[in-house]
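Each in structure tokens, the structures are laid out below.
You will see two complexes here that share subunit A, one where it goes with subunit B and one where it goes with subunit C.
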Partner chain A sequence: MSKEKIQLSEDLADIMPPEYQEMVATATFGNEDRSWKDIGTSKELIEQHSLCAGCPESIAFRFILASIPAPEDSVFVGSTGCTSLVFPHVGVQNIHSLFGNQNAIASGLQRALKLRFPDVYKDVIVLAGDGATVDIGLDMTMQSWFRQEKFTTICFDNELYANTGGQESGLMQKGFVSKMAPVGKKFEKVRLPEIAFESGCHYVACLTVSKPNRVEQVIRNAIYVSREFGPTYVQLYTPCILEIGKQSMEGLDEMKESEAIGQRFVMKEFMTDEVKEFLKEKNAEQKARKKAAKAAVTA
Partner chain B sequence: MNKKVEAQDRRILLSETVELGEKTNKGQTVTDPNVLFNEMEREASFLTGSEVIRAAIKRANLDVSVAYPITPQSEAAALIGELYAEGYVREYFRGESEFAVMGQCAGASFGGARVFTTTAGPGTLRAMENFPMWAGSRLPIQVCVTCRGINSPLSIQPDTLEMYYLLETGMLVWHAETAQDLYDWILGGFMVSEQPDVHLPLALCCDGFFVTHTKDTVMLQSDEYCIPAYDPYRSPVPCMDMECPPIRMMRDPFIMKSNYISYMTHASWQQEIHAAVERSRKHTLPIMNGSLIETENLDREILIVASGTAVSQGREAIRLLEEEEGIKVGLVKIKSIRPFPTEEIREATANAKTIFIPEFNIKGWLAREVKSILSNNERVIAGPHVAGGMTMPSEVIVDEIKKSLGVAGPRLESRG
Partner chain C sequence: MEQYQVLPGPEAFLPPSAASMGITLPDPGEAHIEGRIVDEEEAYEYAARKLLGAKVPTIFPGPLVLWKWNEKAAKKAKAIRELAEAMPARLIPMADYRPKYPKIIAELEINPNHPNLTIWHNKIDVCIFIGVHCHQANLALKIIRGGTDCYTIAMCAQAGHEDACMSFRDISLEKIHKLTATVNKLKKEGVKSQAEPFTQFKMSRQGRIEG
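Here is the complex of A and B:
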């Protein structure tokens, strides 16, 4: 999609909603170097959200939507859960079909878009919770990696089933007491990042969303690598403050604590040597581009 | 709803962007389906049902097919793979389960591709959650269901019970009797389900083994021709390719809320899906020779009403009854189960005193469907039934009819 396609028809301009007017005027479609730093100065691609006040998932949504390199040619595939409450507010096309089939949908979608638009990168991005990714959809998640499907899978890991009221999930910590784990979860948190790398993902990152720079970098890395090499996986800790008994303002602290040295969300990244080299070049390109843009502004 | 639509001179409507006469990458000429289906010369071939599926797909200008092995559709799915290797099908791969395959088909269809797949029996049931999703998302995917048993203990044999589960998914459901039906309806099915006012998935059912694994004479057009490509921009809902603006129009996404407006929105969307099924009638007529049913000798007091290969068995039973017993029986073949030919069946059975409905399943779902639309439905005799892979020799139908007429016969006993 080129930016021209979101332009307003003059005849209809006065009846179009203000959000749309704003999207045409100041959204960052078509700017490859868009960034989380645009939040607040340009039209965000997420209008509002219907998540709980202070939900870390809502800030993760903002960072991701501000970081994807080509929203004008990106399609999201979601799943059932809290995320599916947000997607109707988003300025990028998205598919929500069933619970857990997101990587199957994305496999078909990416292949169809490649057939129809062979010369354009149409980025397919899966965004689903940990129940959808690791439990009910694990088969389809991993099979898409085995098959080397060229898209990015992002998992919002809140370590439980949040939308249904806080039940045990595979990514929950061992010993945590929750609904359906009345005496504490009896097995370890599934090591999906390691499994992802073993299963053929070319780039894997696991981190919290406490630091927007890091989130932006891994999302861009994952998408660029998925275009050239194959599947990529990003797992983001977005604690469900409601279900772990925290206050609205405590989400950030929870993430910071859990990423401290020795804790379970110390940032980790896995990639092949080839990908490391590719990302180095890609980042150098980006830096050069930004420098040139800055020079043009100051000149 | 359920109104009969007259055939008149209905033709298959085409996308305005279609370039007839264009050559595909395989050198096939894109042809007006009205010409391809009705006017073009055909030659006889002697093929199995699986080979017929391959023959139809070769002419279907197909973008994507996703395969998974399950008897009795495995051969057809593998033959489509050969077409991919030859370049006639643009994308093809094996999924990991029927649930995943139907999701992969949905993804490709969301992305604007023409999609075909095949499944059977337990596969149909494993995939089931996808079918109402396909319909609700207005995805015109075609799935060929080669019916087989779904019971436990496991059976791989023919049985049509799975069709009963498909009836209210919002899909079009057709039931092919012969390999010729299968061939014509695969190609015609794309033309019907891709119409903007339909735009729904089609479950094209046939009886496993009886159709898939037996050879039959099929009249085929030259494979130098194919139907026009799918035009995703005729869809009544946006194609998910980010080529149209992602309009975030809703301040509050009411569809996920618990309030009356939200419930009503869902209800009206479901009504729209089933209304679209009804709207498919007028587009289906040119595919099915002008009617959703086919009839023979409706003036007779006894009728056999059936679908699928039960029609063929019924036809043979009618011949036996007339030749051996002098009993005259008429026939109604039901081609489309959704939409259901309510008015057509009412008219066709208006003079019948007794209606027999032979079926290849234990519960007799077609008899229930027919009983539900007829007055004086005590006329309907739900049977004979066979199930679990049993064949239904024409003699079984003959005996059922004779028994109800009070004409005793030693036929079955004498079979040993």
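Here is the complex of A and C:
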């Protein structure tokens, strides 16, 4: 499937609302080298979102949707949380699972798609918050890694249960006091990236979304590796500005501060040697494609 | 007990599903009119008369015909346009099923999660659902019956809809053409369209094309 599939029936095209016409005309379906840099010049696969003004999660959503290599052949599996408020507004297939069940749903979905479309890469991407991934859904998350299910799990880590008022989550930092956790967290933030790698993920990354280039590279790496090797895991710090007492404009600063040297979100990546070689080749291929495309434009 | 009739509403905030009131789906070659199973031939003329007698007849094409999934979908879209022009009827798209944020423009689109808004706004008295996935059509038809007085006709490519006031099943390109031909035949026989004058809106990437 490629952009040819995203077409309107000619005889009814002129009654379609503008956003669909725009999507058909300028969205980056069918372009493997699509990038966050297309934002602003092509139709994004996310419509107006329903998150809070300045929410870093909305930025993360935009970067992820602009980075996935084949949106027309991708299915997101989400779970209840702030992320699920956005899914009705995205131009990519998605499934809303019961809270915590997302990796179990994704396992069955990925296997079914493999049987139905054996010759096409169908990317299944789990996108859920830290409550669904690390607390209530940890069983399903880890079992899918143990089983070596070939899909990517992305966790939006905002270090608490944001849309239910700020309860303590496993990924909350030790000592943090929130509205619904007034005595402060008593144990350390769960080290899920390390656990993920030990549990069989072939590629793991943990970072903030302050730098779109990095987010894009990590998302692409995770998806490419999941196609060939097995499970991959990406943990993105998307602070809930409301629950940590920040203003709308302060999300980016919060992320930058927390990724400074010595802080808890210094970017880290784990991968096997095999994966390292594979990604090196993939990146070389991508560079060659981009160079050829540039040459074709200037010729 | 009298047979339940699937009539236009407003029936109630939560109308009963027609199936729970004993309404069954038609078999192949049949249709249902207000819950009564009839021969499909009878239904074409009944539907055509309903549409011609309406003040604001409207077709709601869904994603299965609005998007060019294949050549068949494109041909159905063409046939639907011809049907709309034959009556004449408004075309208002149900482009997808998401609860659109921040709101839909009721004059120009319909959403299965609150179809009553479009019907109220445009004062639609007879409508056709076509190319809408069954589960979303069921949802919308029930909401319409609950809160509006619109007469609903489902042109379903599968087994039909109990919750529509009348429903065809196994709709194909030929069957859409047949309904158009029936409308044209009735018009030739002297049945006049009661539709209020209107101009079908047109959209571009920039928005509504005025004029």
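In this section, the second predicted complex is superposed on the first by the 297 of 299 C-alpha atoms of A that agree within 3 Å, B and C clash if a C-alpha of one lies under 4 Å from a C-alpha of the other, contacts with A are read in each partner's own complex, and residues count from 1 in each chain.
To be clear about the criterion, a contact is a pair of C-beta atoms (placed from the backbone, for glycine too) under 8 Å apart; a residue touches a chain by one contact, two chains touch by 3 or more.
The structure presented is a predicted model; accordingly, all values stated were derived computationally and were not measured.
Look at A:Ala104: by the touch rule set out above, it reaches subunit B but stays clear of subunit C. When the two complexes are overlaid, the chain among subunit B and subunit C that reaches more residues of subunit A is B. In the superposition on chain A, A:Glu47 contacts both subunit B and subunit C. In the superposition on chain A, no contact is made by A:Met249 with either subunit B or subunit C. By the touch criterion defined above, A:Ile95 reaches subunit B but does not reach subunit C. In the superposition on chain A, A:Val177 makes contact with neither subunit B nor subunit C. Of the two partner chains placed by the overlay, only subunit C lies in contact with A:Gln21; subunit B stays clear of it. Residue contacts after overlaying the shared chain place A:Ser9 against subunit C, while subunit B stays out of touching range.
In the superposition on chain A, contact is made by A:Lys122 with subunit B only, not with subunit C. Residues 5-6, 17, 20, 47-48, 50, 88-89 of subunit A are contacted both by subunit B in one complex and by subunit C in the other. The part of subunit C that touches subunit A in the complex is made up of residues 61, 65-69, 73-74, 76-78, 80-81, 91-93, 95, 98-99, 101-102, 105, 108-109, 200-207, 209.
Interface residues of subunit A, counted against subunit C in their complex, comprise 5-12, 14-18, 20-22, 25, 47-50, 88-89.
Considering their complex, residues 1, 5-6, 17, 19-20, 23, 47-48, 50, 72-75, 77, 84-85, 88-95, 97-98, 101, 104-113, 115-117, 122, 139-140, 143, 147 of subunit A touch subunit B. Those residues of subunit B that touch subunit A in the shared complex are 63-64, 66, 90-91, 93, 95-97, 99-101, 103-113, 115, 129-130, 133, 137, 232, 238, 240-253, 255-256.
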